[in-house]
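Just below sit the structures, each encoded as structure tokens.
There are two complexes below, and they share chain A, which is joined by chain B in the first and by chain C in the second.
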Partner chain A sequence: MAEKNPNTDRPFLDIKDLVVEYVSDGETVHAVNGVSLHLERGKTLGLVGETGAGKTTIAKSILRILPDVGAKICGGEVHLDGENLLELPEVEMRKIRGNKISMIFQDPMTALNPVQTVGDQIAEVVRLHLEHGDRTDPVERAKEMLEIVGIPAERFSEYPHQFSGGMKQRVVIAIALACNPDLLLADEPTTALDVTIQAQVLDLIADLRNKYNTAMLLITHDMGVVAQVCDDVAVIYAGNIVEYGTKRQVFKHPTHPYTIGLFGAIPDMNEDEEWLHPIDGLPPDPTNLPQGCAFSPRCPYATDECRKEAIKVYRTADGHDCRCCRIEAIAKKEG
Partner chain B sequence: MEPVIRVENLKKYFATPGGALHAVDDVTFSIEAGKTLGVVGESGCGKSTLGRTIIHLHESTDGKIFLEGKDITKLKGRELRAAREKMQIIFQDPYSSIDPRKTISSTVMEPLKVSGRYNRREIAEKTAELMGLVGIDERLRLAYPHELDGGRRQRVGIARALALDPKFIVCDEPVSALDVSIQAQVLNLLKKLQQDKGLTYMFVTHDMSVVRHISDDICVMYLGQVVEKCPSKELFAMPLHPYTKALLSAIPSTDIDNPTKREILKGELTSPINPKPGCRFAARCPFATEACEQPQVQEEVSPGHFVRCCRIREVN
Partner chain C sequence: MPETKTAPAPQQHKAKKKSEFMRVMRQLSKNKLAMIGIAVLIIEILLAALAPWIAPYEYDKMDIPNAFATPSAEHLFGTDDMGRDIFSRVLYGGRYSISTGILAVLISTVLGICVGSVAGYFGGQVDNIIMRLLDIIQAIPGMLLMIVIASVLGPGFINTVIALSVGSIPASARMLRAQMLKERENEYIEASQSINCSKFRIIFSHLLPNCMSPMIVSSTMGVAQTITTAAGLSFIGLGVQPPTPEWGAMLSAARQFMRQAPHLIIFPGLAIALTVLVLNFVGDGLRDALDPKLKN
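Moving on to the complex of A and B:
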């Protein structure tokens, strides 16, 4: 907590009660329902959850790149370095995107422009964000970035189709890091890659984060990736954070029934088990969320109390958050 | 007893403008009845092509395929159709592998209709039975695929594969598109069906924790070749090939107290088009020497444990 902005008392990235809705076919999709997160420079926060939990929507809300039609940020604040991004005019926001905040997208095959050389695509970001009087040569900077991500600078003039999947993702990372962002949003950066290439890319991201003291929000569904890269973890279910703590707290003492279920469903690499332990049922329909706890229809510990009203967050003495009203009963049962 | 599936020196090459692409190159193995062979490897290593070539979705270039002891490599027409009833496939993507304009029940009953063995009443009965078997609610009979989530769609794919009581099923990344909580449901279902019906699986995946859970034996593939094959437990306890070692060490562990010591491989998969005769992994292998430029032979280093590496003794 040493690096707080001296002007305010806020963490470097501070999201408060973010609510995002989509409207489709006249129905309202409750994608993000009051999410609060915070992140300091040089730290990595893992945002974990299943398809449709709202992970990517949160990242896109920070950058304000949700689709114009149908999506709406209905409430909340996103403070970066003391500034509420949601109140900035679009002109200001354009200066921030790709510069102060950048994003690594999941699929390197579609994130790159197929008819522009990779070098040009990196140089473009640098050129767009040149400050008045800054003499940085965008082409030189692009070549430097290629070398940093482990691609020879001679390949500057090649096109995306000439690169393999792992190399393309490195180009996407080079674009994201070209302007030394303060905040990096990495949306499933290695999901499309093979494990041996994933290991290379994760190492690369971690090195660059340490070198430039970047804050990183890592979105993933892979608990193994979280264990390797993150400092803190937020588990999200149906647009709500259900558990939030340090990596050690969440991995060693998972408290929310959803988190417990998630760990239980992964095949164990060290033990032989005849049957896996899936979480019963399916994630809820986001246009029609259950009353009370959204996980209650699938939860083995749910009682009537869980289905009445919105569940409060319970915080342990050491700052481990859990959105569940039955934690004491569960702790007794699980021993 | 005769294994359900046996392949000998199987090859599948594709003609490309740049030359022959060696997708599957000299693969030999067999699978006993009721067992699961896991096939792992990275994208482009030929694991899906191998599965598809065995069940004749691709015509093999060379080598032999035996189904219950019978050579089916060159079968055509009616005989091939009869053999195909015994071999089915479950595809990776439950979104693109079922017809979006057909109801769930008509997708499941299609193999029954095509076989010509059943009358209308039997088809209706068997369809209902199949849907019950994979756990799809009867009321979804007339639903369309877009009304279903990924897990249920994959159950439809499984019901369709089971329709004609196959002996052997190629499961081509059947859970890769699913979230972990749903993945566990589908894996349990596949295992239950195997026990109840004595099915034999070839399970293709890139997920090492899944393959460890479901397989009896595992083949590790690299650029069209099997580099290591042995019982599942042995592979994880004692991997011998340098590629297997690197692959296992690259899996991010969820144990935060014992982070995996990763051997980061340099470089990436080389092109499978007109590969050099030597070891295909040599370019990325930390142990490679000149001897690796010679063609590598598969060696049985201990009973049931096969490795294709000439430096295996120095490496281990």
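Moving on to the complex of A and C:
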């Protein structure tokens, strides 16, 4: 974000230089390579990138639910409300999971336990976070949450297979919001849904967020969703943030060649286009990232300089961050 | 304590409640063979349970002059070499045979579930160690293992059950582990981690119920198999001891008179065959009913 003021306190969510690696069959997968993000209460940050760019890994690192075997957070800090989550003991972390931070999962078809009633699954999260002496009735709360997400409370004791996809995603949202979290991690919440339901679900999330002033990290690969929901946007490529700014900055003046390529790949509905314009090439193999800029093998602007060493973050003309050493040349060319 | 808050709110949604259990039951009720199987099984269990009241004679009441009597109105299935009434003995025998089968399978399934779920959920080294230990048990031929355990512990009802169950732990543990490995990849497991379920809770309240269908089927079939194996064990003299009327033991005792008085063997043999057959019907029916591909 542009206005980074050192005088104010630490932002609500502050991720610094997060590095996550997976080890499988002796090979190290560099999933996240030094990501820094920050997010204020009540704001939404869109995390955009293609499959395998490390978006979900970032979300799971925040919750510390990476798989026990193979995944390792190698460095960095995740501060929530001043606490470094990566250093908290597991006991403290348990109070945060599902309560202060909760997650909406990508595929509502598999994110619900097929043999438990939806009501029980909502009540479970409430029950798990009852403080001593708290008189909230989990079942009542679950019914209330069902009503809030627009499902009649009478369907409390039905099973997931009796719900449609959009309804299931509503249940997943109800579970995520049942404890009034401060931070919501939405991992592609609309990918598995059709466009109409997608709009409904996004509206629902937006309403609830406004009501409870929840911050949200929205993971997606859909620029349309970002345009609709987010305040800030971070574009991530091969485990690194390549462009980071407010929605207006990134959408108006995309600067990184990858972001430009992403926007270029969206077909224009007003013109008769015969071919789509994808970015040439494939995402790099995360076990063997290219030297220098990870995007350089696919980048039309790449020079030898790009392939030498890790690229610094540059400030663009309108004041957002871009990890590209050729921004001036690109700005000239794109005009 | 004044009950202020508990307003009678429930019951309003019972009409639409369609649990997995009800669905399976409905599916099962469409299967004629399975329903026949369940009916016969219930009758058998009732007969066995009520044996002391139904049986016309005491199972160990001897009547030597009347030995080897062929089936008649007086002795429905005839009498054996000591003049004991075979019908009564078959009734009483059901108590031992059926309960041995069910108990042994219950024990091995429960232990298999514990071991298998730990191995399947945690994976890695834990899984490796547990599975290799189970490999050791499985490397010993099943019948041999049972004979060894039964002869070390000595004959008797409880010991027979133990001998029968140990050998089948690896199979059920293996099956559950495979199921767990498949099931734990689902997103709802990740979701339950994200709302802070403990590992124990994830295994027992989320994973296990989703892994149970193949276990239920294999246990039902397992009971049938265990009854035959128990009969085998009694046959070689290691199971339940005479005069306790276990079906296998009856066969064993009667084998020397097979040519002269075949009814000594036919009736207990029929009882075993019938029980195994209906258990297999039920198992087959359950497998079809639990198969998610056949839903609705």
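Going forward, the second predicted complex is superposed on the first by the 323 of 335 C-alpha atoms of A that agree within 3 Å, B and C clash if a C-alpha of one lies under 4 Å from a C-alpha of the other, contacts with A are read in each partner's own complex, and residues count from 1 in each chain.
The definition used in the following text is that contacts are C-beta pairs under 8 Å (C-beta built on N, C-alpha and C of every residue); 3 or more make two chains touch, one makes a residue touch a chain.
Please read these numbers as outputs of a predicted model, since none were measured by experiment.
> Give one word, clash or fit, describing how chain B and chain C relate on chain A after superposing.
Fit: chain B and chain C sit side by side once superposed on chain A.
> So, does A:Val172 touch the first partner chain B, the second partner chain C, both, or neither?
second
> If you stack the two complexes on chain A, which partner ends up touching A:Asn99: first (chain B), second (chain C), both, or neither?
second
> Could you tell me if A:Leu63 is touching chain B, chain C, both of them or neither one (first, second, both, neither)?
The answer is second: A:Leu63 touches chain C but not chain B.
> Touching A:Pro300 in the superposition: chain B (first), chain C (second), both, neither?
So A:Pro300 meets neither chain B nor chain C here.
> Touch check for A:Gln116: first (chain B), second (chain C), both, or neither?
In the superposition, A:Gln116 touches chain C alone.
> Could you grab the smallest C-alpha gap between chain B and chain C in the overlay, to the nearest Å?
The answer for the closest chain B-chain C C-alpha pair is 6 Å.
> Going by the contact rule at the top, pick out the chain C residues touching chain A in the complex.
Residues 5, 12-13, 16-20, 122-124, 186-188, 190-197, 205-206, 209-210, 295.
> Under the definition above, what is the set of chain B residues touching chain A in their complex?
Its residues touching chain A are 42-43, 149-151, 179-185, 187-188, 191, 206, 208-210, 212-213, 233, 236, 246-247, 249-256, 259-260, 262, 264-265, 268-269.
> Give the list of chain A residues in touch with chain C in this complex.
60, 63, 65, 68-69, 94-95, 97-99, 102-103, 105-107, 110-117, 124-125, 128-129, 137, 154-159, 161-162, 172, 175
> Taking the touch rule as given, give the residues of chain A at its contact with chain B in the complex, in rising order.
Interface residues on chain A, with respect to chain B: 50-51, 164-167, 194-200, 202-203, 221-225, 227-228, 247-248, 251-252, 261-263, 265-270, 272-279, 282.
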